[in-house]
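Below, chain A partners chain B and then partners chain C, in two separate complexes.
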Partner chain A sequence: MLMKIISSLLIIICCSLLGVHMSHRYTQRINNIRELRNVLSQLETEIVHYSTILAHAIRKSSKSVKGDWKPVFDNIVEALESRMEYSLSEVWQESLRSLKHNPNIHKAEYEIMQRFGLQLGNSDKISQEKYFQLTQEQLKIEENSAREERLKYSRMYYNLGILLGLGIAIILF
Partner chain B sequence: MNIDIIFKIAAVGILIAVLNQVLLRAGREEMAMLTTLAGVVVVLLMVVNLINNLFNSIKSIFRLY
Partner chain C sequence: MKQKTDGLEYYFQPVLDALPDNFRKMIMSVSKEILRELEEIRVRQGRPLMVYSRGRDYFLCPDGSVSRYPKKAYVVTDQDARCILELISDYSIYAFEEELASGYITLQGGYRVGISGKMTSGKDGIIRFQHITSFNFRIAREIRNASNKIIPYVVKGNRIFHTLILSPPQMGKTTLIRDLARQLSNGFPGFSGVKVGIVDERSEIAGCYQGIPQNDVGVRTDILDGCPKATGIIMLIRSMSPDVIITDEIGKPMDVMAIEDALNAGITIITTAHSHGLEDAQRRPILRSLLENNVFQRIMVLGNSLGTGTLEKAYDLIEGKELLDRPIR
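The block that comes next holds the complex of A and B.
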């Protein structure tokens, strides 16, 4: 009997943790988008106002970035500074690929960044500034939709995890 | 006859009702429908043996075989 109760509790706890993990993804996605917007606005300042070299600009602006985008920017900086025979857009696409199946990053912002990488550093200041503003605008829309989704689904996944655990425990009891 | 199964079925019923509400609140009507269906199937699996017993008893009482 004691064994049964302990194993049921274990099942419930595991399923609840699963639910918490699933609901945490939505918060994580918002944080990632916010970090990304910070980096982009810093990068814009570096490029448009200070005219820093691209590798230095990316390194400077991605210094404080946290979350899932950090390895991507680190990778880009490393590849640019080691001066291998790559163009920026190649490096960018290559580095982004590691995030393709990341659950904390949706396809929408992934594609926005992919398109952004194709434009970065290959036109004059004014059109670069326009690209930055466009990307910021798109990321803002994504951030808002991520917020809405969190409001809608975060609570649901949390409850679903607990209830699923209870269900399995009751059926097996 | 074991009385436990009645409590078990009641617990599953309550659980499915709550699950249904949670999913409806989140705007996933089709998932709510699916969980209700899953609950019905689970309870049916629980009682299918008892129903079989019932039919066998009826058959033997009325000599239908």
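The block that comes next holds the complex of A and C.
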């Protein structure tokens, strides 16, 4: 009997944790987008107002970034400073690829950043400023939709986890 | 990526860093004799890759050998041109808007890359590049003591004369005044250094990269980089109290006015002009007015009768006589 209770409790805890994990992804996505928007706004200042060389600008802006985008920016800076023959867009796409299957990053923001990488650095300040604004707007839309999704699904996954655990425990009991 | 071969160190590493990898490999395999005297690397999209050395040009083949026949040569692709543009601008075109508009970019080490291509004028009336398709990498060399031959004519005791150096293009004018700046600034036996101001409109003399001179122009030297000559001369007089102002290639009426200001302030001027000699200079209105007003005390004429950078003639305009009986190098 004791064994049964303990194992049932274990099942409930595991399933709840699974639910928490699933619902946590929605929060993570929002955090990632927010961090990204921070980096971009700093990068915009460095580029448009200070004309900082791109590698330095990215390094400076991404210094305090947290979350899943950090290694991507580190990777880009390193590749640019090694001065290999790759073009910036190749470096950018290659570094981004590591996030392709990341559950905390949706296809939408991934594609926004992919497009952004094609324009970064290769035009005058006025055009650069426009690309930054456009990207910021698109990311803002994604941030809002991520918030809505969190409202909708985060709670649901959380409850689903507990209920699933309870369900399995009841069936097995 | 640092690459060196035995004996010959690649002093033009910043230039190699600004080239795509396949170009680097080709240039590295060129014979040392050519590399040692390399003057230009010419990249033109859709046409053969060329290097200019020892007074002639060579076509570069994909295997790194040189050829006299364009057919065998490596043809520059649009991918190469794009890559070079990214590399010379450090992936940051926005940071080089002004340089691009004036037709060249200065690399680290003071090397200059001239650019040309399709231009277009924007709404604000400024002409900008739309497509950049030709690059000319100039391998400038600092030749220390290049000015030794003219110093006896420019400096007497502790007095420096107002000097005009006349020379056709590519005869080592800039190399000469760069070394002159260094020697006047640092001083040499029998001469204690003086404060030198350089107005380096096209970043050729000091080869500044982000404001820091990449060439040795002396310890007492201040540089106004990328500044128009006339404005720069006046700014230097006001702000840096130089004893000597050195500038390159005068040619505008405004330059003449600024030079006269400097003379009134008691500052020595050393400058250069494109010309084949004194008679040629006298035919050009701007130079003629300077010569007629006896602004300069010494005129040096460069040529190539004994090789690049030969001092052909030296005039003393105070006493109206020639100082040289034959060209020296």
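General remarks:
To be clear about the criterion, the second predicted complex is superposed on the first by the 173 of 173 C-alpha atoms of A that agree within 3 Å, B and C clash if a C-alpha of one lies under 4 Å from a C-alpha of the other, contacts with A are read in each partner's own complex, and residues count from 1 in each chain.
One rule holds for everything that comes next: a residue touches a chain if its C-beta (ideal position, glycine included) is under 8 Å from a C-beta of that chain, and two chains touch if they have at least 3 such contacts.
It should be emphasised that the depicted structure is a prediction, and the values quoted were computed from it without experimental measurement.
Aligning the shared chain A places chain B and chain C next to each other free of steric conflict.
Taking chain B and chain C in turn and counting the residues of chain A each one touches, the greater count comes from C. When both complexes are overlaid on chain A, the residue A:159 reaches chain B alone and has no touch with chain C.
Once chain A of one complex is fitted onto chain A of the other, the partner contacts of A:168 are absent, as it touches neither chain B nor chain C. Applying the stated contact rule after C-alpha superposition, one finds that A:20 touches neither chain B nor chain C. Within the superposed three-chain model, A:128 lies in touch with chain C and out of touch with chain B [touch as defined at top]. In the superposition on chain A, contact is made by A:88 with chain C only, not with chain B. Here chain B and chain C sit at a least CA-CA distance of 47 Å once the structures share a frame through chain A. Residue ranges of chain A in contact with chain B, taken from their complex: 152-153, 155-156, 159-160, 163, 166-167, 170-171, 173. Considering their complex, residues 8, 11-12, 15-16, 18-19, 22-23, 25-28, 42 of chain B touch chain A. In the complex of the two chains, the chain C residues touching chain A come out as 1, 17, 20-22, 82-83, 86-87, 89-95, 97, 128. By the touch criterion stated above, chain A contacts chain C in their complex at residues 47-48, 51-55, 57, 80, 82-85, 87-88, 121-125, 128.
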